[in-house]
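In the two complexes that follow, subunit A is the common piece, with subunit B as its partner first and subunit C second.
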Partner chain A sequence: MKYFIKKTVSMIITLLIVSFLMFLVFEIIPGDAAVSKLGTEATPEQVERYRESMGLNDPVPVRYARWLAGYLHGDFGTSTKYERPVAGLLSDKLTVTLFLAVESFFFFFFISIPLGVLVAKYSGKAFGRISHLLMQIIMAITSFFTGILLVFIFGITLKMFTPYRFVAPGDSFLGFLGCLFPAAVAIALPKIATVVRFLKQSVTSEERQDYVRTAYSKGASSNRVYFLHILKNAMIPVTTILGMILAEVMAGSIVIEQVFNLPGLGRFLVSSIGSRDFPVVSAIMLYMAAVVIIINNLVDILYHVVDPRIQND
Partner chain B sequence: MKKIKRFIVTRAKGFKEWFKQRTVTERIGFCILFLIMLMVLISFFYLPYDPTKMDGTAKLKGPSPSHLFGTDNFGRDVFSRVMSGLQDTVIIALGIVAIGAFFGSVIGSVTGYIGGLFDEAVMRINDAMTAFPSMLLALVVISVWGAGKYKVIIALGIAFIPSFVRIVRGEMLKLKDADYVDSARLMGVPTFRIIYRHIFPNIMPTLLSAIAVGFNNAVLAESGLSYLNIGVTPPEASLGSMLSDAQGYLLNAPWYALAPGFVMIILILGFSFVSEGRTK
Partner chain C sequence: MLEVKNLRVSFDDSDEVVHGIDFEIGETEIVGIIGESGSGKSVTALSCIGLLKDNATCTGEIIFKGKDLNKLSDEERRAYKGTEITQIFQEPLTSLNPVLTIWHQLEEPLILHRKNMSPADRKKRVLQAMQQVGLNDPEELLDCYPHELSGGMRQRVMIAIGIICHPSLMIADEPTTALDVNLQDQILALLKRISRDHHMSIMFISHNMSIVRNFCDRVYVMHKGNIVETGTPDEIFFDPKEDYTKKLIGSIPNGKLREDSLKGDEKTILKVEDFSVFYKQQKKRFYEKTVLKEVVKKVSFELHEGEMAGLVGRSGCGKSTLSLGLLGLHKITKGSVFFEHDGKKTNMLDRHADKHGVMQMVFQDPYGSLNPKKKIGWILAEPLRMKGELKTSAERKQRVHEVLQEVGLDLSYSRRYPSDLSGGQRQRVCIAVALIQGARLIIADEPVSALDVTVQKQILELILDIQRRTGIAVLFISHDMNIVRQMCHRIFHMTDGKLNELTPEEVSDDIHKK
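Let's turn to the complex of A and B:
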């Protein structure tokens, strides 16, 4: 319990630090919002009146508090390019990013865990060696080149899906999930390779434990030993990595959305950087950073619940 | 003359011995890296074609003896462009790792050696920075500051510092209470000299494999940024920005995208083979 409180407090502090940095970078550095709004030909009185009405003359901490309060109430400011509230602009994009994340995490999870155990089980055999080399090669491919290869091999050459097609979730939900699938695979592949390597190491170090011999001598089949007894213990060190990957996936893959032409948060972020639409940029970045921080902390807490042997330090 | 000959002979023998001691993975890795560095060196002096010269008569031609990797939509030679793109990618990645490793080592070794409250404060900031994905950190810098080769190096270089701080500090904590450090301290060696002369050489092996891994991450991060067209700006082209140009021609000219992509894979495999061999 003490650990839980300590962890939550430190998480909130980190979030405050990050949000303050974001505020500094995007609200203070870009220059005088009044001048950029009214143009350089506005008279000093007009500028002054605008600054006063927008509260730009208040000291920085007051402005930060107001900015933060707005965020907590779901008011992310107004987009300078579209002149509409940022929150409304983001909701569609968030749907795409979140579904892509969930889909790729499922794909990743149900392939990497069994594969990792199998690679460890057959590590001396041809299967283990080949898949080890394969994992290393997959890790060397940049995620967006994986995406391009998928489009080239399965989309253009084998014509198994139509590249760059997007179905809105309102039109056909299954079609929506289907058009996200290639992108989900591209996100998942390098992560599968990472986890398989870690899990293999972890399983190999568990193989020699006493409880494994006990399980064998009680007559358990080798599959039962590997997937029931060993996996449970081997998962413990892997949990942290799984958490990091979950955080990374939930934050969205900026590059993969670009490769597959998906209208998610990442693509919107890139186009907003191009048009210097800072309210949008800061909202999306804050979302991505917050997701990573919150999930990582939740996983740390979960880690202690799963394995009470770990002492609080 | 004889002296030079003897020098070369002994060096070659030493190299042979050194090479024999490596694992097979490591040998393959070093061979790949040697070839790539050779390509980069050659690209400074010689390219088969001018990578920016357009040729209207040879648009999107397939691979042939005169154009090894074919030509792109402007009739530029893809092989020459890959070579100069590789040069840019390698230089940018080296710059990023150099910034990250240098400042990371300085901060990490000082904070690890001093310890106490100072260490606590530095590590708290460091952890907050690691919680932030390096790609996002670079995006923040670039979105305010604009794109460009040197800005990418600085933005990603800063983003790479925290991981090196953590590694060097960890090693420092392990080594600072070793007997030989104590005896050096008793002999009155100044703190600065203890850190860089007595402890640092022992951190080097760990640092080197961290640098190999970091180099790969730098290549991946840089190519990601350049792919999004917020990294290097045209006419300069890294492998990542070539891929984003080439993606539109995947149907008619797949070689244009595949060539830079595979060169990038080989580059990264080289470094990961070397770093994996070291850790074994």
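Let's turn to the complex of A and C:
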């Protein structure tokens, strides 16, 4: 418990430091918000008045505090391109990205973990060899190509889903999840291959441990030994990778969103950078940084759950 | 109750490691199987309970309570494992699953074999079994993980797992080898009591002759996959028939005192005064000051040229820390360590002093202390290259060959890798590494405790021979009083970081206690 509190405090401090750095970066990037707002024809007096009224002449710490306070209240500023609050613009895109992430992570998790153990268990047999080869092939193919392949095979040839049709979550939630599924599979496949290979290695090294022999000596079946005794130990090194993958999918995939025509965060980020819409860009970047930091900390805490040998200090 | 006939075990259809052995174990009988590593005793045990790996082929009959287990399918055989036949292993820490609580591990045999037992009954049985093996406050231990228990407690947990389903036969494969001597006695007494109270037979596998002698009703001696002799412990130990058994019994350190003594006018070679070694203790909060823990406490002693001094003590008393400290391998120390030879004084604690070839160390584990990727010749020549006195490789080769001969290996060994060598040969190489620089003092940290008795005897003789021939001083660290007594002129005893020298009376007193 003490460890948990300590970890949370350090996480909040990290988040603050990151947000300050982010704020500084956008300060340093050339370009004057007032000039870009009023246009090049504005007189210096007009610009100065605008700066004063918007508080742009205040020192950096004051403006940072104001900016941070706005974020904490859910006010992410106003998009310069759409002239609408950033929060409203982002909420739809975030829904798509988050559900895509959750869906692909579930798909990934419930396939890769059992498959990894089975590949290790049957590593000398045909099943193990074929899956091993298959995983290597999948890993070598980039996810957008897998995506195109999935659209072609299951969408166009087999007509199992309508390619490039997007159902808003408000219209039909199940339809929304359904239209995300091919993209989720495309994201998950290469990650499944990575984790299966890694877990296989981990399980193979655990197989040789003495406690496995003890479990067999109690009369446990080989499935029980693999999925209860070995898996729990083998998951310890894999936990880090799972965290990294979760952070990656939560941040949104630009390429996959493009291939499957999904209005997610990644695509929005690219178009906002193109139009120099800095309030939107900084909000998305802060979200991505926060996701990575929070998930990494969760993984650290999770370590203590899966491995009781780690001391809580 | 268990009758094994013509048991043969081979791996990958080629190497037969057990060549058709017959033995039997009666009800409530404790039967010992002794033999050196590689004699096939562990493989025999594993085939009795059915834990051989897939690449092993096992033929012959294993008749348990009238049923041939070797004819059963894997599924049928599982019904015996953990209920009728159980096994406990050598290393209790690694044999328990590190990420499951004691409760889960104790409960498992009941879940597997007593399917109609209610959770409350299971808990009752688990607590009862824990009490039977002498674990006090069993309730509190249930939620612990193996790493939170001491070595003795872990082995008790293993035994509790073994007896929880009231088996008829327990196979104990070196169950006390990883434990301290006084813990060994406790665990053995416990096993004996359980065997008597619950009418459980024990198949006891060990390489330790003295334990087998006191513990077993009957003994089988195994050698290279065959049973060479059988009888009661007294028959085997006092009247061995076979040559191999005679050799085995003859190799046991008998604890006779070393006969030759020093003249008394030898020069001091090592002078240690008020020497302390510290470890940094883990800080609880980052702003706390680092606390130093004194592991070796103000030790003073002298070693003389040509002297063999023994250092005994329990594990964890600071023996190894002291030896590393003497070599200057510990940073946080107090006091002084001076090495004197040929009128030259070297401060061992000065990190910049030239310490080449002054003092050398031989470690316990000959497998881990040689670089597996280099040939023996390269390993031996390395200190010569660093020292740079012998410029040409031919000169170095010459020196390597001399040293190899000195430790009783022929020249062809310089072209081999450590993995091609047996444990005893490796330890010879380690001694050669220590000798090659002309060290005048060797610290040998448990040099023979990883070796079999017969090999142990050879290495001890080699060390004695080298010491007599070259007149070097040796600090011999061991936990086995019998070995130290027959090797050393003087014996130091270490408890809790403090050192005291045993008087000759104390040394001979110890013999009578045994």
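Going forward, the second predicted complex is superposed on the first by the 295 of 313 C-alpha atoms of A that agree within 3 Å, B and C clash if a C-alpha of one lies under 4 Å from a C-alpha of the other, contacts with A are read in each partner's own complex, and residues count from 1 in each chain.
One rule holds for everything that comes next: contacts are C-beta pairs under 8 Å (C-beta built on N, C-alpha and C of every residue); 3 or more make two chains touch, one makes a residue touch a chain.
Just so we're clear, the structure is a prediction, and the values are computed from it rather than from any experiment.
When the two structures are aligned on the shared chain, A:I148 is found in touch with subunit B, with no touch to subunit C. In the superposition on chain A, A:I137 makes contact with subunit B only, while subunit C stays out of contact range. Contact with neither subunit B nor subunit C is seen for A:D171 once the two complexes are overlaid on the shared chain. After overlaying the two complexes on the shared chain, residue contacts for A:E83 are found with neither subunit B nor subunit C. Once chain A of one complex is fitted onto chain A of the other, the partner contacts of A:A289 are limited to subunit B, with no touch recorded for subunit C.
Touch criterion met: A:I254 reaches subunit B, while subunit C stays clear of it.
With both complexes placed on chain A, subunit A has more residues touched by B than by the other of subunit B and subunit C. Shared-chain residue A:P308: touches subunit C; no touch with subunit B. In the superposed pair of complexes, A:V281 makes contact with subunit B only, with no contact to subunit C. Touched by subunit B in one complex and by subunit C in the other is not one residue of subunit A.
Every residue of subunit B that touches subunit A in the complex is listed here, in rising order: 127-128, 131-133, 135-136, 139-140, 142-144, 216, 220, 223-224, 227-230, 240, 243-244, 247, 250-251, 254, 257-258, 261, 264-265, 268-269, 272-273, 276.
Chain contact summary for the complex, subunit A toward subunit B: residues 14, 17-18, 22, 25-26, 29-30, 136-137, 139-145, 148-149, 151-152, 156, 248, 251, 254-255, 258-259, 269-270, 273-274, 276, 278, 281, 285, 288-289, 292-293, 296.
Note for the complex: subunit C touches subunit A at residues 49, 51, 78-83, 86-87, 89, 91, 94-100, 108-109, 112-113, 145, 147, 158, 161, 282, 284. Looking at the complex, you find that subunit A touches subunit C at residues 209-211, 213-221, 224, 229, 232-233, 236, 306-309, 313.
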